[in-house]
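Chains: A, B, C, D, E and F, in written order; residue numbering restarts at 1 for each.
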Amino acid sequence: MPVVHVFVWKGMSGEAKRKVIAGITKTFTDLGIPEQAVEVIIQEIPKEDWGIAGLPASEKLRDVMPP
Amino acid sequence: MPVVHVFVWKGMSGEAKRKVIAGITKTFTDLGIPEQAVEVIIQEIPKEDWGIAGLPASEKLRDVMPP
Amino acid sequence: MPVVHVFVWKGMSGEAKRKVIAGITKTFTDLGIPEQAVEVIIQEIPKEDWGIAGLPASEKLRDVMPP
Amino acid sequence: MPVVHVFVWKGMSGEAKRKVIAGITKTFTDLGIPEQAVEVIIQEIPKEDWGIAGLPASEKLRDVMPP
Amino acid sequence: MPVVHVFVWKGMSGEAKRKVIAGITKTFTDLGIPEQAVEVIIQEIPKEDWGIAGLPASEKLRDVMPP
Amino acid sequence: MPVVHVFVWKGMSGEAKRKVIAGITKTFTDLGIPEQAVEVIIQEIPKEDWGIAGLPASEKLRDVMPP
């Protein structure tokens, strides 16, 4: 406890993923939860498979890229 | 709001995915929700990794294919 | 197949839920999937527990209500 | 993008939830993602319904409380 | 590792939940995974909020009850 | 009903997956649920994308492998 599932667009760098894991974990350790209790599961979703406003993000947000 | 997670077997065509995104989004806009508020995240699961009745779907439903 | 998880704010009416279930199911039957294969799981989240732009939706979007 | 699902034990305070939402959102804005793109969905699970090491957390971790 | 999310209809008894936690955990310890690494999160969904074949399970499967 | 989502590290063998599907399904049939009602969806997560104690499992648990 806690378990955190993160959904992002495919293409996030390894460095960005490390920061996501570290930052989310720190959010909970700041609340007094031991760090070994925090699990963060990142799942990358192709923009073609992520719909926003009725269209795939690969069309709707063609020029926006993951960090 | 809303966030919708869709799990389907791997192999769904791009055209079918577009219809899934459009159809689910329309379901919510018909209820008065603005389309830009609807996010649809599709995840494709290999049939080997989807169990039905105790067996992988790749065996249990060998001849059924995703649209 | 498919399994669809829907996350909405708490307070959606039973009538709206029925339309969500029917509309999402029809999206898949229109693709040739038999209706008995479609499962839709709706989860209502209190606005206090749904963060947008760093704040609970109960503050950020105080006046927006679920259908 | 991103969508973050957080699972914690039931009983987390409103103040702790606000910090979870703010901290996770900041993790992503630090990566250059606009804050309005970050959605955080917190779900509280009764300890009876959260198994660890084969037992409900209500027994296995009787004296540990959520923040 | 692993994390297991279980979705069932609302009304499952505490005894049945204990068996679900124990049985799923044993499935993984039989594979050599240490039991303390297995987390099982059970979420109960009202039958009104679980759609099957286009209808809420509360109508479609009126007489079926959770264990 | 039920729907079970299993998250494991990438690299689990096909034989182990079959045992996960069979074992989880049996857990529910032992409770009187018909086997055809049980769906198990396994998702494999690269160890780089699974954070434990603030670090990717690929670093924190470098020598632990999935079954």
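The rule is short, and it goes like this: a contact is a pair of C-beta atoms (placed from the backbone, for glycine too) under 8 Å apart; a residue touches a chain by one contact, two chains touch by 3 or more.
If you're wondering where the values come from, they're calculated on a predicted model, not measured in any experiment.
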In contact with subunit A and subunit F alike are the chains B, E
Taking shared numbers over all numbers used, above half giving same and below half different, the subunit D and subunit E interface sides are different
Rounded to the nearest Å, the gap between Cα centres of subunit E and subunit F is 14
Note: subunit F sits from subunit D at a C-alpha centroid distance in Å of 21
When centres are defined as mean Cα positions, the distance from subunit A to subunit E in whole Å is 26
Shared-interface residues of subunit D (touching two or more other chains) are 3, 7, 20, 24, 26, 39, 41, 43, 50
Contact graph of the chains (line, ring, star, complete, other): other
Pairs of chains in contact here are A-B, A-D, A-E, A-F, B-C, B-D, B-F, C-D, C-E, C-F, D-E, E-F
In the complex, the residues of subunit F that touch subunit B are 14, 17-18, 20-22, 24-26, 29, 35-36, 38-44
Per the touch rule above, subunit E residues touching subunit F in the complex are 1-9, 16, 19-20, 23-24, 26-28, 30-33, 50, 57, 66-67
Subunit D partner, complex, touching residues on subunit B are 3, 39, 41
Touching subunit C in the complex, subunit E uses residues 7, 43, 45, 48-56
